[in-house]
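The next part holds the structures, each set out as structure tokens.
The following pair of complexes shares a single chain, chain A, combined with chain B in the former and chain C in the latter.
Take a look at the complex of A and B:
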């Protein structure tokens, strides 16, 4: 491939840290972010643990100078964007900069707080509470805050949303439509999503155990994760070296069920296989798989079987990081792109926390201990979601 | 860019009576498109989305597309509101999953894939007044890498009582701006499939704070594409936006047609305008579409083949 998209920086906030280094330390020391909800006001706070960023909206807003009237998703997004973008904001002047920010909840946290009143008398509700309800409005707030306007978009494909942001950004850099892109996504916790997942009976009442035979479901999380992508030319002009390359990507559909994966993971296998093909890699080239690994019976079984089939039983190091961050939905692909970049940079494989028992229907065992001092050349990162949406990304050493 | 739209399927408010500031979809008889059992479970957004996509595929003579790219600013509002209402009224208890499952923004693209057995690339864009435009830009990116494939591209938004109220509070809908909704789908390819296809030569998206800034951007679009003469200006003009569209019309100095009196105002209304271009009997060689939704603007350069 002649023109590639290079990752030169990252930005992240999750329940295990407010920036990339803090998250790395938590991953290395197996510190979880899963616990009792303190800021999300819900009937279920004693029963359903979540991976919450332990800061109020006012405190989050203060980190970037945003308004505390913004939806929480926008506040989280701005923090992670600032970390990725700020070091290059001056050098990137006069370049074409794209902002690709996925989310699934938009301003739902504010809408749901006034919805009862809105239903009773819509005109009595202060419009500021619903002004930013749309997913696109969240992206626009952050874009305006940082002055991005060359290309600004929002993708919403459930749990695979921000992997798709990174895919599209890499394409637009590769074909010369943009010089620089900030790509990933954000999602805050909301009562809407917590209750929605609860009706599906796929939430774990305890801290989740991805890829364990006795797994009980997922924990929802919140956060934001972005990679800063540049063309080779932009990278030279900004005098920066790459951390990694977005070498492969693919999006496929499972076409099986609106919320469940097919038993053998048809879409999962297609996404992974096509991403490897795009990268020009064989399965044996992959050093580490950052699993989607939500902890639900269905996902881990389908994903595990698809990996076994595609890798023909020779599965490399693999782990899910959702026992740390919870499932951050529309942010997950961005968050895990940052973790994949950290794995390459530091030569580490993060342990699949809380794993105890081998799955009966999947033969490989995830990495359960911290592995350090290894060459991580190519990482495969999976993001699968509702609507059959399956996306896989390949990150390679720069 | 060079992207061909070969056939269309449209469900819109065109032909319906406007009532209380709203122009709702004139829905067709769905038999032959959607099984009755499935139809009963579908919200309007899903119904019009599936219906219009099936009509589009039928017109193109294909059973399933290779890939799907959809724009919807608001997603599946009715199901979102249904779940939200029960959640606040029942204090988060005794809830059922159906409305939640169908509330996600990618429900329509997922359902089309499911019903057609389409395992290909599948994306949903939710960038307000640029949602449909971005779905088409994505189609261009995808078809660049998959030159022989056929991609289903569409724009969908449904209007609900609450979205009407919210947009009214936000100043979008008023006595002069009729609220609308609709779904319009297209089969996009990198080479034309038939002689009635249109070629999208450029999509120029921008946001602007006022009409003068918007006109400056339209001038950039015109200059970048070296547009001297066109045969038709299809504009998003309504009675409140004369300041902008009078200047736009003067720039292009050609016949102007409008579309929002037919489909109403909604974030993905430009998909209806493109559908009109494809459906018209009298072909026009070269058209420019200029549209706005709030402060989101897009200009299109479209040629018949």
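Take a look at the complex of A and C:
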């Protein structure tokens, strides 16, 4: 049996908090991050609510000593990476450290700010605004800032991006290729993504209601979430105890549509089933499912049906946390890996906020009240993306 | 091992040609649209009608290339080891323009989802069930050297057994499809830059 990848720390920033503890408090007290855009310059600020981190780029940069000329995605990434990494930076010396950072917007926020001017007169635009446009550039900026150079990679598979980066990191740790990995992802809001999702007609003009029969769509969010993974050996040498284990993971593709899931969630079911198989668990072992639960008609219906089929109607506690953080796209799998770790550590199930009406085509009801003082042994976390890219992770008590 | 071209398909303004022989002449059809060609080839795939022009012609090219009297070209092959590499110079400009015309009213989601040229690879792969490596290259003009480089590399050293590859352009005024079915070895024309160019230039 291959070795396991242990989660020893986490780092996160979202609209509901600048670190893991602040996010936990918001989740426990049902405090949403969804509201009016203040920093994102958009025509839609009065019509489309977003879950925005309420800080300027300069303020974000100051938290890590980064340059405020970085794309916002890189600034968010650095903050969450710092939280996860800093306590172990010294102990990790001479170890092989990997950095797996997902994102989908890259430096689009800076590019779109100068795009009009660039078209009118390209010579008048400072090229630094476009230099970090590409998704990999965001990862490189952060990697350089923290001195990660043993293994650095960017994964961009839409909304399952950072789940896939955690999966890849866990595989490399399990196979003895790395001692330590920082894995997750980041994404900032941008006009590009807001307008794109608006075109697809899947944005909610009100705060979203995942898994509700009358759901209208999703709210976009921004943030970053990372887990710090170690091999058993590295953990002993760093004298640290695990918060959780990445016990299972799987990726499958629906091969159905560019932006929609198949109606019965074929890829979703495959990903969840294979992740359980990898973890050596039965469906009855799962204590809590952190749903992908975006709030779109399509996702929640196919995800719900796939869960019902796989769990044969005996569905454990399940909730979506996107009513708090919005859908943070390439950061979602990382953000929700941190939430899953918090659920295990504190024995809680976060309520699926704003739920009112039972879905007609899905039989189970999400957890709508805060559940505390329960043993959470195994969490299944779903991230399903455009292109039919479906990933599921299983986190187990360490 | 020498990769070989097993089959090739050419679609130009007047006809669809497979392995050098005419498969369909457009002058026997009511018009030379993708829909007419679809009906003449007796295809049955409702999703075809939702596709943009680029996907339609790429999809039709793949249908004509891969199926024939002798059966399906990839019969018995592992579909996780079948790659798709397609180059284009005009990309999805046709649907880009149509989409742009809608954004001042209600931006069309049905058009929007086709505003990436690599969607043609997705449509072909969904239809055929291919799950191997994929690349969509935008080049102006067609560059046989580059196509050869990527496909040869996949077949020689990237766990790929076969590759659907070639060039697809489709706009309101012009269509040009040249697709090759290339396998790692076997009988056929050697897969070389010269042979790619020969077929492309005769198209």
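One rule holds for everything that comes next: the second predicted complex is superposed on the first by the 396 of 398 C-alpha atoms of A that agree within 3 Å, B and C clash if a C-alpha of one lies under 4 Å from a C-alpha of the other, contacts with A are read in each partner's own complex, and residues count from 1 in each chain.
To be clear about the criterion, contacts are C-beta pairs under 8 Å (C-beta built on N, C-alpha and C of every residue); 3 or more make two chains touch, one makes a residue touch a chain.
In this text the structure is predicted, and so the values were computed from the model without any measurement.
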{"item": "Fit or clash - chain C, chain B, common chain A", "value": "clash"}
{"item": "Dominant toucher of chain A (residue count), chain B or chain C", "value": "B"}
{"item": "Touched partner set for A:256, first chain B, second chain C, both or neither", "value": "both"}
{"item": "Partner chain in contact with A:387 - chain B first, chain C second, else both or neither", "value": "both"}
{"item": "Which superposed partner A:247 touches (first chain B, second chain C, both, neither)", "value": "neither"}
{"item": "Which superposed partner A:188 touches (first chain B, second chain C, both, neither)", "value": "neither"}
{"item": "Chain B versus chain C as contact partner of A:294, first or second or both or neither", "value": "neither"}
{"item": "Touching partner for A:325 - first (chain B), second (chain C), both, neither", "value": "neither"}
{"item": "First (chain B), second (chain C), both or neither touched by A:199", "value": "both"}
{"item": "Where chain B runs into chain C (options 22-30, 202-210, 220-228 or 292-300)", "value": "22-30"}
{"item": "Common ground on chain A, meaning residues reached by chain C in one complex and by chain B in the other", "value": "196, 198-200, 253, 255-259, 387"}
{"item": "Chain A partner contacts - residues on chain B that touch it in the complex", "value": "68, 73-75, 80, 83-85, 87-89, 91-93, 95-97, 100-107, 109-111, 113-114, 116-128, 130-131, 134, 138, 141, 144-145, 162, 165-166, 169-170, 205-207"}
{"item": "For the chain A and chain B complex, residues of the former touching the latter", "value": "42-44, 104, 111-112, 115-116, 118-119, 122-123, 125, 127, 130-131, 133-137, 139-140, 149, 151-158, 164, 168, 171-172, 175, 191-192, 195-196, 198-200, 250-259, 266-267, 270, 385-389"}
{"item": "Of chain A, residues touching chain C in the complex", "value": "196, 198-201, 253, 255-259, 387"}
{"item": "Complex interface listing, chain C residues touching chain A", "value": "103, 107-109, 112-114, 119, 122, 125-126, 129, 131"}
